[in-house]
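In the two complexes below, chain A is the common chain; its partner is chain B in one and chain C in the other.
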Partner chain A sequence: MDSFLLQILNGLDKGSAYALIALGLTLIFGTLGVVNFAHGALFMIGAFCAVTLQRILSLSYTVEDPTQKDFLGNPLKVQTPYVESWFGPNVGGAIIDWAVPLAILLAIPVMVLLGLAMERGLIKHFYKRPHADQILVTFGLAIVLQEIIKYYFGANPIQTPAPDALSGVANLGAVIGMDLVYPIWRIVYFCFAALIIFGVFAFLQFTTFGMVVRAGMADRETVGLLGINIDRRFAIMFGVAAAVAGLAGVMYGPINPPNYHMGMDFLVLSFVVVVVGGMGSLPGAVLAGFILGILESFASTTWATTTIPGINQIIIYLVAIIVLLTRPRGLMGRKGVMED
Partner chain B sequence: MFGLDKKDTTLLLVVAALTMLAPFLLNPFPTESGMAQFNAGYPDLMQKFVIFGIFAIGFNILFGLTGYLSFGHAAFLGVGSYAAVWIFKLFTYNVFPAILLSVIVAALFSLLIGFVSLRRSGIYFSILTLAFPQMSFALAYSVLSNPKFNLTNGETGLQVYADDPQRFHREGLPDLPHLFGLSMRSTHTMEIGAWSFDFNVGYYLCAIVMLVTFYLSVRIFRSPFGMMLRAVKSNQQRMNYTGLNTRPYTLAAFVISGMYAGLAGGLLAAMDPLAGAERMQWTASGEVVLMTILGGAGTLIGPILGAGFIKYFENIFSKINDNVLHQWFSFMPDGIEDFMVFIVHPFVGKGWHLTLGILFMLVVIFLPGGLVDGGQRIGRWLRSRGQKEDKTTGTTEPAE
Partner chain C sequence: MSKTDVTRRGVIKTGAVAGAGLAVPTIFTASSAAAYTNEPTGGEVTLGFNVPQTGPYADEENDELLAQQLAVEHLNGEGDGGCLNTFTSKALKGNGILGKKVTFVTGDTQTKSDAARASAKSMIEKDGAVMINGGSSSGVAIAVQGLCQDAGVIFMAGLTHSNDTTGKDKKANGFRHFFNAYMSAAALAPILEKELGADRRAYHLTADYTWGWSQQESIAAATEAMGWETVNNVLTPLASTDFSSYIAPVLNSGADVLILNHYGGNMVNSLTNAIQFGMMEKVVNNKDFKIVVPLYSELMAAGAGENIKGVFGSMNYNWQLDNEGSKQFVKSFGEKYGKPPSNSAQTCYAQTLLYADACERAGTFNPCGVAEALEGFEFDGLGNGKTLYRADDHQCFKDVLVVKGADNPTNAYDTLEIVEVTPVEQVTYAPDHPMFAGGALGTCNPGA
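Here is the complex of A and B:
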């Protein structure tokens, strides 16, 4: 029982990442009808927002301390981050320690602007072109973004630790009398993902803006005929989708150190998630994200890998193939989405 | 000739001449000169040109004719390589059976994947073809290399070891891939003045194979079968309404392009007897997509041009470093020189993929027909300009 719950928990954090990326992808499919192969790159750029903020906060100046000597007998050079000298060592140290959560504040404007720039500058011109062209141009964009990041940050994974207070493990089972030790950050990630997902759904469900967007998803032409500038709203939704992917990336850093091709690694999986959930269905994308995440974690248990070797590597693809062949529209897909 | 019309025959002959004379054409600079780094006439690179040319020709039969965008063709290339290396390990270094088997295995594999993937079209097809090779990559990388059943040798890659059985290997045969005794690595170097030209057996084998496959692809393009595939691209729904089942045609196109990929994989292994899982990754499939689009999808010569273009510049760009850049811009004043080097630096050397990505985006955005289309446009523009000039000179000529 303990291990069963533990596997579900294990699946939840990876599942949250899948769900968030797939949610953004589906937002873009559903509104603009564009297949965005650069979405993985947006996730990756989000993660590098955290890296950038961490580097900026740790910018430091060097002072020679004549009272201390290093092992060669020269005056010891002490590195003091500017942040610490401005706010004092306690507050400054805490700011540096909390760089990853703070990066959310940096990532939101960066990702929204990047998303808007992408939509207005590039993807806008591809609405009338075939899907293959959209795939190709966003694939090219993904390569470009990835190589730019590689040029500035190098090819190796960069450690972005979680704040000390959140980096340990907690015994979740203590409340219900079970032994269930689990890293705190992964729980934080799950809660964060759930918060964003609820935020996006609430935004679409309870605001006027969201209502117009939903109406546009259902029938773009009619909404346009009513005199509403639906293109501008859809462009903003692209920005929101980019921000969702970016935030998923920011918080994923402590779980898996970001490197420049993490986007491509996640991209294929999140496409599979979208297809399993049903093209164009937002709840479907989220549901499929969590289901596949949990399935993957169950397939990684020793029992599963000894029964069927390699099942953990291919379970997601297998499920996707079976779903596509038996339920072509996915779990919750609507009729007529991307079926031309 | 060969059942082709005059235009296609000319095209075939031009391609044949280019590939046969490639050792001369690609080595235009003397060996000792500073420009020698732009020479591409060494066997290793020329082999890559034609092998990836074959790969792209095959991909073009699927994507260029039917419009089905597959992101999974690298899987067939990888399977072909593994099959060829297994022949080397178990039986003989002769490349003939190895290449034959790699084509057969790739055909079976693509039949399986195509049968499943082609049940859906459009974006769903692309995603399914993305899922299959990722799956095969994951399997080849991990599970299929366990000690009990080592099919792929995992991360190290499959290669031939001294204690492999090689049942039909005889004394006197070269200890490297060979074609009935003719080693793939044997190279005849011809020195003419300051120039030197390499004639490599492996390259010529690949080139002849490429010519044959190119000829076949021309025939497919011009056949009723090719016509049917084009009809699928332009309006599949109408085809269905006329009561025609398109799936056998698309499946045939898929398997043919899979066989081309397997052939390319077998040749890669024949030139260098090892096979690794990374050849199957989806980014490797992305490369052949780039080649085909860059050259011009749906045209005959485009994919070969694209493959040659990408492989040539990949090689050249990777060689350019800051020193070379400083030499190039040395005629400028110091400050501007450094600035130019600073600007160009991210795009050369390790930054080749950045340049490729930007170039690819530009081609997709502005030139959907690829390089071939660009060439045709320039040709048309020159011709129309020439005509105008003729007219103007005609009118302004003073009457005597």
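Here is the complex of A and C:
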């Protein structure tokens, strides 16, 4: 039973990342009609916002320590972070320790601006072009972005650990009388994802801006005829979608160390999530993200891989095929979307 | 009066055929004139360094390229001479190879077999490389080794650890200085028994490709021979990023050791995930839970950060080795690049010098002469201690390092500590060992 619960938790955790990325993809597709293959790169850049802030906070001055030697036998150069010398080792150390959560503050403006720049500078020129053109240009953009990151940060994964207070495992079993422990940061990630998803839905549902965006998604021309600059609002939504992907990346760093390729690792799966959920359906993207995350977790269990070898590698695609055969518009897809 | 059939049209046709014949690239005509592929004719000889300059192993292989460039400098008599000063063979004089200045070209393997073959082919056919060196994965090494065999050039493998490279896929034109999965297991097993005991239950997570299978087979055989029980072996897709769903079943499997047959990004992520789930703090079967990573590299250790503390593994070389060859190499590399060399750097540096030395001793660049000079060659002074290039399978035999993640590293470079230098006798196996069976060296191909 505890194994079952553990896989449910793992699935929810995986699903959190899928859902956040798919949510952004759907927002962009639903508003602008663009299939954005650079969305995985935005997730990756979010993770590197955390890496960047960690490096900024760890900027150090060097003092030679003659009592210690480096690998060549020269006096060891000891690095002391400026924040530790300014605020003392305790406060300075705590600031560095909390680099990942603090990076949220950096990532939001960076990702919104990056999203706007992408949309205004490149993608808007492809609105009226076929989807194949959009895919090619955004895929090319993704490769450019990841190569830029690799140039500055290298190809090796970079550790961005969670704060000490949020590391380690939580004994969930103590609450329900089972032997069940789970990493604290993964619980934090799930809660964070739920918060972001709730925030996006609330923004669209309860604000005037959101109402106009939803109206634009339903009938862009009519909203435009009412004198509303819907293009500007959709461009802002591109920035919001970029921020959602970026925040998903920031908080993912402590789960798996960021590397320049991590966006591509998620991209294809996230597209499958969008298709299964239903193109253009925000609740569908979230629902499919969690369902596929859970199914993927269970497909990786020993029982599943022994019973059907290789099931862990194909489960998501298998489900996609079944869903598309039985519900061609996806779980919650709307009539008319991607059907022209 | 005789009639001639010479016509204007005929002359033009004949001229065109003759011109085309003269214009054919030398790679096709060389075979008739030269004794072997890419026989150097001028004052220079070209080596081909085939490393993943892009892709997930680019950082690891950047070190390979730095080491290869350093080796070329030393061969040409530049810099401090590096291991030419400590190498027991004194054939190399710092005047290039056989009096020819050494130049090099580079190719990008992208850690993909087809891309690696294409770049090696280009270096051989277009740039005239007489030897290909480098690589970061066993799949790539085996693919490029086959190409070099067919093309008639020597392949000096870089970082390839699968038994198959010098086992079922061995080739007469291919040589491996790096150790292999069998050697890792043979070195690790006694240390694991000593440190963790003979009564352990091991759970394996294994990368689902040739190196992973080879590594798992080797370490499972070695640990079972000393009394460990293999509880399970789960194959994980190479493209996996989050291993949490593979880690979770370990917690309830009754295993008290997790063996991660992973390399590169797979290893960094699976180890990070295992630590996140608190495995190193668990007590199972009244024993402290332990994690083993059979193959380590410095860059993987850096990627895994503090998670490697106390985790056992093995290496082909570590810069902390205390012998004259190693000290000299660390000094040369460290002073030039500001960091100690990785074990992939050391193997590529050694391979380049070994090739050059074999050419000098053979008195030719002919791959068959070079291969003969390398076969059965015993040497020292390149960093690993006494080493033999075994003739039977072109595998180097030398001491193997068992290492552990350091508990209290003092800087970015001593995150791994050497637990034991396992003597070569302990990791030597018969050429017909079952794990290496199924292939044959064949005969050397000079290509001409």
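The definition used in the following text is that the second predicted complex is superposed on the first by the 325 of 340 C-alpha atoms of A that agree within 3 Å, B and C clash if a C-alpha of one lies under 4 Å from a C-alpha of the other, contacts with A are read in each partner's own complex, and residues count from 1 in each chain.
The criterion applied here is as follows: a contact is a pair of C-beta atoms (placed from the backbone, for glycine too) under 8 Å apart; a residue touches a chain by one contact, two chains touch by 3 or more.
What you see is a predicted model; the values in this text were computed from it and never measured.
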item: Chain B versus chain C as contact partner of A:L59, first or second or both or neither; value: neither
item: Which superposed partner A:H131 touches (first chain B, second chain C, both, neither); value: first
item: Which of chain B and chain C A:T302 touches, first, second, both or neither; value: second
item: Contacts of A:I158 with chain B and chain C, given as first, second, both or neither; value: second
item: Touched partner set for A:Q313, first chain B, second chain C, both or neither; value: both
item: First, second, both or neither for A:P328, with chain B first and chain C second; value: first
item: Contact residues common to both interfaces of chain A (with chain B and with chain C); value: 147, 313
item: Of all residues in chain A, those that touch chain C in their complex; value: 2-3, 6-7, 10-11, 13-14, 68, 70-72, 76, 147, 150, 154-159, 161, 168-169, 181-183, 185-186, 255-257, 259, 261-262, 265-266, 296-298, 300-302, 305, 312-313
item: For the chain A and chain B complex, residues of the former touching the latter; value: 35, 122, 125, 129-133, 135-137, 139-141, 143-144, 146-148, 151, 264, 268, 271-272, 275, 279, 309-310, 313-314, 317-318, 320-321, 324-325, 328, 338-340
item: Residue ranges of chain C touching chain A (in the complex, touch as defined); value: 54-60, 232, 234-237, 239, 241-242, 244-246, 248-249, 251-253, 265, 268-269, 272-273, 276-278, 281, 299, 302-306, 319, 330-331, 334-335, 339-340, 410-411, 413-414
item: Residue ranges of chain B in contact with chain A within the complex; value: 63, 67, 69, 116, 119-120, 122-124, 126-128, 130-132, 134-135, 138-139, 141-144, 146, 282-283, 286, 289, 293, 346, 350-351, 353-354, 356-358, 360-361, 364-365, 368
